[in-house]
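All chains are identified by letter, namely A, B, C and D, in their written order; residue positions are counted from 1 within each chain.
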Amino acid sequence: MTLPTTGPEAVAFANRIIDAQSFSTLIGARFEDITPGHATLRVPLRDDLKQHHGFAHGGLMSTMADISLTFMGASVLGPNVLTSEFKINFVRPGTGETLISRASVVGATRRQAVTRCDIYAVQGGKEKLVATALGTIVVADVSAAGG
Amino acid sequence: MTLPTTGPEAVAFANRIIDAQSFSTLIGARFEDITPGHATLRVPLRDDLKQHHGFAHGGLMSTMADISLTFMGASVLGPNVLTSEFKINFVRPGTGETLISRASVVGATRRQAVTRCDIYAVQGGKEKLVATALGTIVVADVSAAGG
Amino acid sequence: MTLPTTGPEAVAFANRIIDAQSFSTLIGARFEDITPGHATLRVPLRDDLKQHHGFAHGGLMSTMADISLTFMGASVLGPNVLTSEFKINFVRPGTGETLISRASVVGATRRQAVTRCDIYAVQGGKEKLVATALGTIVVADVSAAGG
Amino acid sequence: MTLPTTGPEAVAFANRIIDAQSFSTLIGARFEDITPGHATLRVPLRDDLKQHHGFAHGGLMSTMADISLTFMGASVLGPNVLTSEFKINFVRPGTGETLISRASVVGATRRQAVTRCDIYAVQGGKEKLVATALGTIVVADVSAAGG
């Protein structure tokens, strides 16, 4: 199966995955721009997504990273993928109306993709980098999964 | 300020932080057992916390890691901390009724703590490791934050 | 092929791999104690393995982590493995006569092992934790590697 | 103290640090091109820097990452820094005559810089990405270090 990798068709496909993921839906994540090797994910920063100082919760940004990195892996490896691991660095507190994750493929072989994303907080139209992540997506081993 | 580090008082303190974090509340996280250097966080695996295959969403486990690792850092550094970064490995799909994160302090100096957690899925009373995380918690630089 | 996983036979096997790795030999690394799921790697802290403050170089500790984590992966997955990635935290400066890495398997499935190690500096018989690492080892895809 | 951040002066400064680090000298690392926010580190791939399949040792690439990431942190935070942690992903085996690490600053606050690098193997004039790393550099707490 080949995934659409660019344009409205790719965005619609990606958001159908979001719709099928109850947790991604719970946080209000939507893909909004996809080109080959790049994807943008947007999450409006609702009050129930924050921590006790009123900033975006680290878990929220981690969830955005997980969604973005996995999707970028699927864009080059196909839909049958697993997220092996990722690392996230928090650069500064996330404040504003919206968080945006911009993901890309760093490098890929036949069975594995290394992907990264930068997460920005948007406040009054201005973007500030708040986090960055780097992860590994692998092709799911169907025979093993069935074992 | 010194945090209670053991017993019901520590659990109550930790859960007041959870109560103040809307996103932690949204996912239903609760601390339930805290001893010096160790803490257990529990999240019932509701349907709205899953991904499209019905497993626990990677972002959910990442959020549990973020909460657990940060709390362990605060237990040795005091409440005024920031999570610098963490890394999470997904070992196997998370299925069952409950996820449990068991966190501990690996090492700490005056300004920084390295903490880890193992996350288990509980199904029919049996625990399986589903993820593990390692992170860095730092004392917040108040003067810088105010600058 | 099954690897010996415990005792002098396992240590001898592991050190033959070290002998075949010129860079591991260059830093003077030796395995010295291996039991199922655990392995100890020792590096005498020579002057030419340090940074400009006289501490163990971060690259040295990273190399020990790479060797330790990969070996632990091979102990459960077999010898045909690749190190996908790892993360290392530096807890405090490494001073003393020797560095020791104690590695273990956190969790493994058929194609992937998550392994960790703690690195200690030994000075006057006393051990201090100086670094900790967490990584992912995968079975090499022979068909892909040959393609 | 302000570090030179561009041109031959910056390269000379960076290589004096290399000269003072016996382990960096042992592996033959040299900075060769530095502009504000970017630095290139080169290591000729000698036979004694390899693993048992003849590829660049993972520890070598990790050491290049450690040197590159730390230098980029110092370029924005000043020379008094510590490397808190980093993560490295291995994309494909490293073969060729030379390894090159290209590092940059992802984001920085007053006390902390997040830096990344991509490591390439050069063979016959062609570059291939072999690894990528992401790390955290912090200002050393002098008072704590003296305690």
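One rule holds in what follows: contacts are C-beta pairs under 8 Å (C-beta built on N, C-alpha and C of every residue); 3 or more make two chains touch, one makes a residue touch a chain.
In this text, all values refer to a predicted model and were calculated from it rather than measured experimentally.
Comparing the chain pairs A-D and B-D, the larger number of C-beta pairs in contact belongs to A-D. Across the assembly, the mean Cα position most removed from that of chain D is the one of B. One simple way to say how far apart two chains are is to compare their mean CA positions; for chain C and chain D this gives 21 Å.
Chain centres here are Cα means. That of chain A falls 28 Å from that of chain D. In whole angstrom, the spacing between the mean C-alpha positions of chain B and chain D is 32. The multi-chain contact residues of chain D, meaning those touching 2 or more other chains, are 84-85, 87, 89, 109, 114, 136.
Viewed as a contact network, the protein chains are fully connected, with every chain touching every other.
Interface residues of chain C, counted against chain B in their complex, comprise 87, 89, 91-92, 106-109, 114, 116, 118, 129, 132, 134, 136.
Listed in rising order, the residues of chain B touching chain D in the complex are 84-85, 87, 109-112, 114, 136, 138, 141, 144, 147.
Across the interface of their complex, chain D is touched by residues 17, 20-27, 47-52, 57-60, 62-67, 70, 82-90 of chain C.
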